[in-house]
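What follows is a group of structures, each given as structure tokens.
One chain, chain A, appears in both complexes that follow, with chain B as partner in the first and chain C in the second.
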Partner chain A sequence: MTDVAHTTEVAAVDSPATVKPKARVKATKAMIDRYKWYEVVALYAGIALFLFFVLAPFIEGFLVSLKPLSQLFSTPYSFIPKTWSFDSYVNMWTSVPMLGMHIFNSFFISTLVTLIVVMVVVPAAYAFARFSFAGAGLLLGGFLAVNMFSGAVLLIPLFRLMRSLGLLNTYWAMIVPGAAFLIPSSIWLLRTYMMRIPRELDEAAWVDGASRLYTLRRVILPLAMPGIVVVAIMTFIGAYAQQFIFALTFNSKTEFMPLPIGLFAFFGKQEVIWNELMAASFVGILPVMIVIVILQRYLVAGLTAGAIKQ
Partner chain B sequence: MTSTRSATLFALALLAPALLYILVIVAYPLFDTVVLSFTNAALRPTYDFVGWANYQRIFSAGNFTEVILRTLIWTFFSVSIKMIIGMAGAVLLNAAIPGQTLFRVLTMPPWIVPMAIGIFMWGWMYNGQFGMISGLLQNFGIISKPWPILAAGDSAFWATIVTDVWIGVPMVTIYFLAAMQSIPRDLYEAAWTDGAGRFYRFRRITVPMMLPAIITMSLLSLIATFNSFDIIYILTRGGPSGSTTTMIIDTYNTAMGSRKYGEGAARAVVICIFVTLFCLVYFRAVRKLQQGEAK
Partner chain C sequence: MSQLSLKQLEKSFNEARIIKGIDLDVSEGEFVVFVGPSGCGKSTLLRMIAGLEEVSGGQIEISGQVVNDLPPVKRGIAMVFQSYALYPHMSVYENIAFPLRVEKLPQAEVDARVGAAAKVLQLESRLQHRPGQLSGGQRQRVAIGRAIVRQPKIFLFDEPLSNLDAALRSEMRIELMELHKRLGSTMIYVTHDQIEAMTMADKIVVLNAGEISQVGGPLELYHKPDNLFVAGFIGSPKMNFISGKVRKADGATATIDLGSLGTIALPRTSTAVAGQDVTLGIRPEHLSLGEGEFGLETTPNIVEQLGIHTITYSTLSGGENFIGLFEGNPALAEGQPVRMSFPLDKVHLFDAKGLAVY
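Let's look at the complex of A and B:
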């Protein structure tokens, strides 16, 4: 389909006689996308409603962080703060004494998980993308089947495993199982990407006498770099967003707790200081959110690459 | 180059780290779960095999079938609502109107923010005395007194579903959007030329072309939702009086709360059986779809 479109385009550029059909195609595109005024209103209203559902908790959480506690616990409810106060952003550092450490831990754990996953996944994805050996399909299926089981289901044996490996109450108790469940989809994603690299390149290197490892390192890795970046970002987000159950069960040392667990201790108390909890949440996620906004285009690429089959 | 024996060895060497990792951290624990489910393992270091006793106990206790049923209903509503909102979101974000890129970016926060932190925010919104939902409903005069949403069984059940939908929607929306954009434009243009309206094009082109994506996303969403732990654990811990206790929460409470590892493992095995069943149904559906295409 795309080939045909491409040829027409090339032809159109080549000869002036075919310019007209191209112009007509453009006009069709414009008209099919033209909305009547009430359709535009309906679309924006729908988007507003949709985004309100998605963003309401964040807006409310942010406004709560700016309300003094006395106003928070008063009726009637008001969405907009009556008096603005930044006290919670100051007091949270004493209420959650290790807040800085928790923010660092979240970042540190996700970074190590990402490193492990990338190191394990790059060779595996290459093997699946390029080599056909007996049982390859079955093995790939086996990897994907890991997605069927969540950490919560395997919690008991994982707990026993971590205990016998002596990893309980260390960073590794959160890093090692966290990485395992992110490996399979990353293999799938990177394999899809690597399959798009022309096979001729490997073969040319082979003919030139390059070893297989050399081909992987010097030919495939540089070409696959954009795909590896996407996989790394997706893994980091997965590791960052899902820090809960392993950290909750396998670690009880406050100094190793990632942000969600550090704040959960706060949440579990009888009298929750909501404005400080919200303030700490926003400050805690800020560094990573800034990075993600900068890398936003890779995100869409990552999600869509997995979606469209080759 | 790829069919020789050394090539196979090289491929296996490349696969070895990933394979070893999964074998130790996923496959062995899975095997161990099945083994433990036939034992009376608990906090003490030794345990004995007890045959089917754990399974007999959980199925005769009465509330387990109730938990299974509740989990299925919870999952069904959560997944269906996610699919509907996700599809609506994808259609809206696919419209060629100014602001498109910004709207797509604004969809992502629930997916990239740590889940637990999003759940904390919902926890406050559900607060009966001072929370946003109860507060706004009172301000608009829809309800007359505070509504402690998480304190009553029915509303807590639906509240946890809403939060689960909220976390899942961005992923479903972006995935559907990607699938929607991969539909060849010519199809729409041909239908448009023939005078087909927008809704007709959606029903006759978009939905059929997206069917594989819809089925795949339904399965992924089904597995994730069935295993959903954080939301219920943080918001209600399975309460009030068990009304939000799903199978995964039930397993966690048995294993980590009461430290009955053997019985907890048996409950975990039942979860695995359900997930396997879902996957089998999925593969059947995919095969049917492919056969339909072949005809």
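Let's look at the complex of A and C:
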């Protein structure tokens, strides 16, 4: 008790801005978390600067989507719209009738890729984390090596492969390479996570008569859930981002095209409908945002509930 | 009939031989403690009995059946791990019920068995909690509960108390002994703590470098250690060792030259030790102050006053550490020479190979 009172006094002496130390919440913070007022200001200024750099394109994009097309090419250019409306968000559906389909395709492809990756990666990561088998190190090294090639380098061989498998111009043409390129890094990620789960838990389950698969299902999976959610989020985002190049090369059917290709429809012969293009992009990102928000809740819940404590 | 028997059991990891041919019989209902310094192979031995480690050579028999290639659950054993190995995402109830769920027992049976185990371990009010919300002692009890519900023939404990603080440890020690009495099952217990071994065991197996040094009851090991290792390992503070050379051994007495401490004549029937370098062992608690059958003078460097007794640490002229333990609070001071003595029948004698000489 006296210790606490003592530290409060020290804090009061330290910061001249604190007139009534006992009334301030700051005094209840741990010593290591205490900052002077100007340090706090500097921290937030730094964060704001960083966020502005990251978010500036998005802000600009959003503002463009609100402006009428004529204002986009006016000089001097005004960053803040003079007149603004949500018209683009309405008109885009009629200027590109397939837009809804494209958004659905993007979402559908990414979801399927994520499901395939998670289904393959979970048992694979468990195997790499727990069993020592011949070639395990070689395989892991190979996975890392695969990650060094971007999909673009392998497009031509992949094209030939897709053609002989008869997958060109189907959803699979975008799903299969998408999943294939995302699996290796996910195995690495989840393997590391699973290695942190004490081996004694597997042994205890084994002593109690559980099979390896039962242990995986009842013990390892619940404990690895936060790791699996991270893999799912990364895969979903990765699949969303990389589908452009696979769709462009392996698919020519408009009805299977994901959003990034679908957006080309806003490029007319005479002009580009920039404001609707931006509006469509934002609406296209929405499903991803929703998925991430939902998964993130599980992520936090998993982190607090499954804390591995010895 | 013995319930568990090990025959020439061996274990090697690559080139390293960890367990070097162990023979041991354990009868039903016995409380057996494997004790030894770290790295002596006691945990490996336990894990081999459990079925977690493969056997490199020899046999493990449980109730007359060779179980070398059987999985743990078919051996009829249950194991309690050092870190408890509780499932953090499951309630205490589900943790205890885990083996029963694996067996796919009906819910009513699970309820009954978990309830019974919880009652024995006083965990009834904790069944819906997560392991993370429990204290160390309670977690330990949950781990024991998970072992009890299976109703195994043999319980295996791998240093179960080493993660608890001292007060809780002695409490859990008593609980475990009561549990053993109540269940009457065979228990094998691994520890590096000789106090746990002495207090709990019916039979202690002292292991050293992958071999059994001695097997026996706690008092047998204390009073009649077979060799230097057991003599030094059992007992706290450690037994004092003084090196000497046998001048004469005529079948009735052995006369030993202790250098600057003089000569001592011990009643020993062995004549084989004549002329050998030997080691004399005397426990600190068998020393008394003043004159006796054999006396020596030392100067304590450190004096520890524990109230119930006083411990002195000194160095003999030969360089050996010499510990004395005396009842009460005698007037001893650091740096002040003091005369100690011991009775001859309390002296242990070990030959050049470290084996006891009688």
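As a working rule, the second predicted complex is superposed on the first by the 236 of 310 C-alpha atoms of A that agree within 3 Å, B and C clash if a C-alpha of one lies under 4 Å from a C-alpha of the other, contacts with A are read in each partner's own complex, and residues count from 1 in each chain.
The rule is simple: contacts are C-beta pairs under 8 Å (C-beta built on N, C-alpha and C of every residue); 3 or more make two chains touch, one makes a residue touch a chain.
Nothing here was measured: the structure is a model prediction, and the numbers come from that model.
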Quiz item: Does chain B (first) or chain C (second) touch A:L286, or do both, or does neither?
Solution: neither
Exercise. Could you look at A:V41 and tell me whether it touches chain B, chain C, both or neither (first, second, both, neither)?
Key: neither
Quiz prompt | First, second, both or neither for A:L223, with chain B first and chain C second | solution = second
Quiz item: A:M195 contacts which: chain B (first), chain C (second), both, neither?
Solution: neither
Exercise. Could you say whether A:Y214 touches chain B, chain C, both of them, or neither, answering first, second, both or neither?
Key: second
Quiz item: Of the two partner chains, chain B (first) and chain C (second), which one does A:E203 touch, if any: first, second, both, or neither?
Solution: both
Quiz item: Who contacts more of chain A, chain B or chain C?
Solution: B
Practice problem: Would you check which partner chain A:A265 touches, where first means chain B only, second means chain C only, and both and neither mean what they say? | Solution: neither
Exercise. Return the residues of chain A at which the contacts from chain B and from chain C coincide.
Key: 203, 206, 307-308
Quiz item: Mind pulling up the chain A residues that touch chain C in the complex?
Solution: 198, 200-201, 203-210, 214, 218-219, 222-223, 305-310
Quiz item: Where on chain B is chain A touching in the complex?
Solution: 1-3, 7-8, 10-15, 17-19, 21-22, 24-26, 28-30, 32-33, 36, 85, 88-89, 92-93, 95-97, 99, 103-118, 120-125, 129-132, 134-136, 138-139, 146, 166, 169-171, 174-175, 178-179, 181-182, 184-186, 188-189, 192-193, 198, 213, 220, 223-224, 227, 229-230, 234, 248, 251-252, 255-256, 261, 264-265, 268, 271-272, 275-276, 279
Quiz item: Mind pulling up the chain A residues that touch chain B in the complex?
Solution: 1, 28-29, 31-33, 35, 39-40, 43-44, 46-47, 50-51, 53-58, 60-61, 64, 72-79, 106, 119-121, 123-124, 126-128, 130-134, 136, 139, 142-143, 145-150, 152-161, 176-177, 179-181, 183-184, 187, 202-203, 206, 212, 216, 237, 240-245, 249, 259-261, 263-264, 267, 274, 277-278, 281, 284-285, 288-289, 292-293, 296, 299-300, 303-304, 307-308
Quiz item: Mind pulling up the chain C residues that touch chain A in the complex?
Solution: 50-52, 71-73, 77-79, 81-85, 87-89, 98-99, 101-103, 131-132, 146, 150, 163
